[in-house]
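Shared chain: subunit A. Partners: subunit B in the first complex, subunit C in the second.
Let's turn to the complex of A and B:
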């Protein structure tokens, strides 16, 4: 199992989590700082394999919810993290045995690890999506029958809201409304599951994958290897597929905040004089990449934009004119590509009037 | 103690509640229908004097929350009312002994009576404001030390949200956000109080007052007496003061929905050729009445507009060009006129840049 013993381990996970965040999910920096401070105190988070969850264990998610930019200004306090655990145990009427990330991409890779470091509870090596997503109900937990509620929200002032809805679409509406009312940065404990359930519904091994992706980029850089060769070698494993979709520079980026989401589009051109135009649409995450108007990767498959020299993945809000980048497409976890999965996290759920086609179908022809 | 045995009793209470609603508080019509149906089944609500609440009783408020127009379309179901009581008892960890209205003005005079009819629990003869108000924290319960939370919201689908905030300003924000997320018509159980507390913080006798006001208008009409003479005779009791502020017709009404509130202004002129201009500002309720620019009554004192023939009180959203009306000003309950009360429910809390002056001071000089 992966070990998290030092600042480099944490940085690797955070870097991998930004790649899996596909432009969204928030910057894990706050969580990184928190974990580094804990390591200095001798408090290391503990990760265990998904397969090792006892069938009767109570597993819950711990997440930061809200605007990533506001979240950056509010470092999680030990007090609040421990308080949300205490209140979750009161809500569920029994001790919590294990934690899991609701989404591995971005900031929410970090909060379960942070609570693990201070509480001693183990974190399962997996999550509910294998990437980042903009809405509560877009989760393999929801899709395969483990609802988000009853769950609870807590803010740093001590305001708490216990939510129990008849479906996860309503849960999403209430969570979003409460988060906004409480100032756009809160913590949540949701998705109470048994160990038996979580083994059935979670995307497996994604903490390990984050760390490996992060390490792969770092080691290639340190060893002066080609970062992208190394990275693609790593991603093209276990039946998953990844490829470079485009190599060029950003010539335009639009950003808009509307309905609580970050919308936008990045437009890229090749470094050569060629006329190709490449676009990446943003709805918190990168949702669809098109070359000259032809779709080459679309949700739930992953799109990630990386600095073309360092291989550092770049979040949507940091994209800027003139950046030289490579765009990678990466097949989603098989749990997202089933008919049940695509029903909830397919292109039309993002308002894109297009059927899902896999990155393999779109790029290998 | 008042008895509620037939349709006339209910109609009287509802009419009085509209007067005390000072233009807002919603139309009690839905609650009226519900109660009439219960009376036909032999289920009468039971009202007891505030003084008779045992010190150790658990008293809570039951309210409809949301847009009155949406609420009109959603008749409360017996199932939902009983379910909110069941969930409140689970939340508070003990049986609820008595109910009380959070605000007597408008629709929320009715819901505790409705639950009383089907559950047998008594309703205390009082409320948390003696009129209608636009925000949770504007309550004598809040002002004198009994917070709104822990409390809960339930909708007809079965979605529930338990709210526990550090102050009632935050409670108001969360309640408003959740109500909007769940479709603008929900039910709430809030303000858990002991009998000892409720006797200290409630406005006393307001169910009786509603029924008496309603009966007074009806009986004057039936007996061909002057409705306004009779009504003013009734209101000018127990140290309270009421007077006719204006007699005329509505020559203009503006309505605007902004930030979840109903804003507007009614402009009136005399029936004679006189040049007087009388205005009543609306923020859900009527907030300030001015004659030729001079304030004559301002919150928390009550302003109510009545049909000048029938004496029927008119809610803000029903005001229309050409209506012939009389405007009554009525001193607020003494609990709202203390420095603590005015701090929360004074003119500046409604965005009016003016100090509170009592209706007595403004009209008797």
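Let's turn to the complex of A and C:
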């Protein structure tokens, strides 16, 4: 099982989580420091394999919800994190046995670990998507029949709102409205599942994967190896596929807020004088990458942009003109690529008027 | 605008350099060693330059100084003041206490006390909890009882609600009248942790800031030069001595910025690699559009992450004082250890008995420096091997800084530029402009004055255009306030970041404006 007992271990998970966050999911930095502070107090998180969840266990997700920029000001409260567990147990009428991340990409890789460190409850090695997603209903938990609600939201002042909706599309709307009313940075406890259910619907092994990706980048850098060779070697395992989509510099980035989402587009050009134009569209996360107008990777497959020297993954908010980067495409977990998955997290769910084609098909031709 | 006669200085860890400039013309230059009191080194070098020039000193209109004194002190954990940190945030943020990600040795060196108290605001500026005035008072008393005089006060969304920190500061001042207080809102940007870290670093430099700035002011009083003194800040623009004394952190990366901008000025190039070869290290940076390329990742000062953008500079252990040794297997090793500022005593050509890179340069190129007879005994093969090692180190460094294999011009600056005598692979040409040895002081003397804003703007009233226009106006006003010419000041950088999960649209906008120094009299 993965080891989390020093700052480097945490940083590795965070770095991997940014890569899997495919531009979004929120910078894990706040969660990283939260965990570090717990380690300094002698509280370490405990991670167990997904397979080891007892069938009758009560498993829930714990997440920070809201605007990443607001979280960078409000940070996170230890007291509130422990309190939401107590209120969740009151809501569900029984003790919670285990925690799981709803979204490994970004900051919510960290909060279940933080609560584990505080409460002693174990965290399962997996999550509800294997990347980051802009909306609740795109979770594999939702797709495969485990609804987000009943669940609750809690702020640091002690205000909590229990949410019970008829489907997860509505849950998303209500959670957004409540989060906004409470100051745009809150904790949520959702997706009550049994151990038997979670083993069926979760993306397996993603905490481990996140740490391995982070470690792979760090060790390659420390050993002066080629970060991208090492990283691609690691990602191209277990039937998954990854490749470098583009190598160049960012020549333009646009950002705008519409309907509560961060929209934008990064435009890249090669470092040489070639005329190629590469674009990456942003809808909280990176959704589609195109070379000279031809799609090369599209949701739910992952697109990630990394500093071309250090291999450090860069979030959409941090993209800036002039950065020298490499863009990596990475096949999504098989759970997202089924017909059921694609009708919820396919390109059209992001308003992109084209059918899903796998990164393998798009890049191997 | 007429040409201003001014003195530019670079007070480095080893050398204090000076330049006298009229408009774009370099009239005189001088180099000296940095002294422990800072003042006498400055007086010495300024006196020499004034003597060489021979003009009346009352014609000098401004003094501009770049210094690495503060960053060196923080990196070496030297002369730091213990800080009382008060963060106004409860019930929020208790899971990530101040200094959570700091290296243990800095935390120990600072011997700080950390207090979290109630209060703070939402992104809308509305308070979610009132300021806990009793807790602030108790924290101030406790810190005072421990003898602490330097305070760092932070609050979430302080850029939106600076008054909350100001009220806390007023309470601290009631309890500790001689307190030096840094407020996080004074150090800009959204992102509490990085802003708070910068606040604490700044507070730790409070004593040193006073000492160094005072000694600079005394130096010019002693020189009978009574004009405004400006200090270079991180982006290469100027701030007043009063501001530098209160915010020494703003000067932390001025050194590399000045040398890169000085190199651009001296060569007229706007795209190049710049290698500043000093006594102990070579700092290699990337000149793009006349400004240094800045780092994209988080920036660290002495292991502490802050919200300041820094020039992206690679530092390698090669300088004019680097030791040259032959290992048992015959291989030549150059640096990273150096005799540093003792070069003039310890280098062979200066009568010492340590073989340095400067000795190799004198031996191979016959440079008129010291006594070349003292290196005549070095054999040719050895000298060649040492030269190979020196050039290889620079070649490797340049290759790391460059972002493509295409050759680029290389500008050599700094006193150690004499070490490089051959072509460098990856460089289309090697430029060694006149006055290269004082590029840093020239960078200080040519600096613009800047102002900046970084805060949230409400889009509901004037829309995006209205918010951008307001932000630009505020940045321009800040630059003029700092001394920029109102007729020549312009916006140089605009960044906007939208915030998701919000009812009405708000947008975080950063704007920087800069302009030449206004005519001073």
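The definition used in the following text is that the second predicted complex is superposed on the first by the 365 of 365 C-alpha atoms of A that agree within 3 Å, B and C clash if a C-alpha of one lies under 4 Å from a C-alpha of the other, contacts with A are read in each partner's own complex, and residues count from 1 in each chain.
The definition used in the following text is that a residue touches a chain if its C-beta (ideal position, glycine included) is under 8 Å from a C-beta of that chain, and two chains touch if they have at least 3 such contacts.
All of these numbers come straight from a predicted model, not from anything done at the bench.
Contacts of A:176 after superposition: both subunit B and subunit C are touched.
Ranking subunit B and subunit C by residues of subunit A touched puts C first. Once the two complexes are overlaid on the shared chain, A:3 sits clear of subunit B and of subunit C alike. Once the two complexes are laid over each other on the shared chain, residue contacts for A:348 go to neither subunit B nor subunit C.
Shared-chain residue A:90: touches no atom of subunit B or subunit C. Looking at the shared chain after the overlay, A:78 reaches subunit C, while subunit B stays out of its contact range. When the two structures are aligned on the shared chain, A:159 is found in touch with subunit B, with no touch to subunit C.
After overlaying the two complexes on the shared chain, residue contacts for A:314 are found with subunit C alone; subunit B is out of touch. Applying the stated touch rule to the two superposed structures, the overlap between the subunit B and subunit C interfaces on subunit A comprises residues 157-158, 176, 180. Across the complex, subunit C meets subunit A through its residues 89, 91-97, 100-101, 120, 122-124, 128-129, 156-157, 190-193, 288, 293, 296-297, 400, 403-404, 406, 495-503, 505, 507-508.
Within the complex formed with subunit A, the subunit B residues making contact are 157-166, 170, 173-174, 176-178, 180-182. Per the touch definition, subunit A reaches subunit C in the complex via residues 7, 29-30, 32-34, 36-37, 65-70, 72-81, 114, 156-158, 176, 179-180, 183-184, 249, 255-257, 260-262, 271-272, 284, 307-310, 312, 314, 317-318, 320, 322-324.
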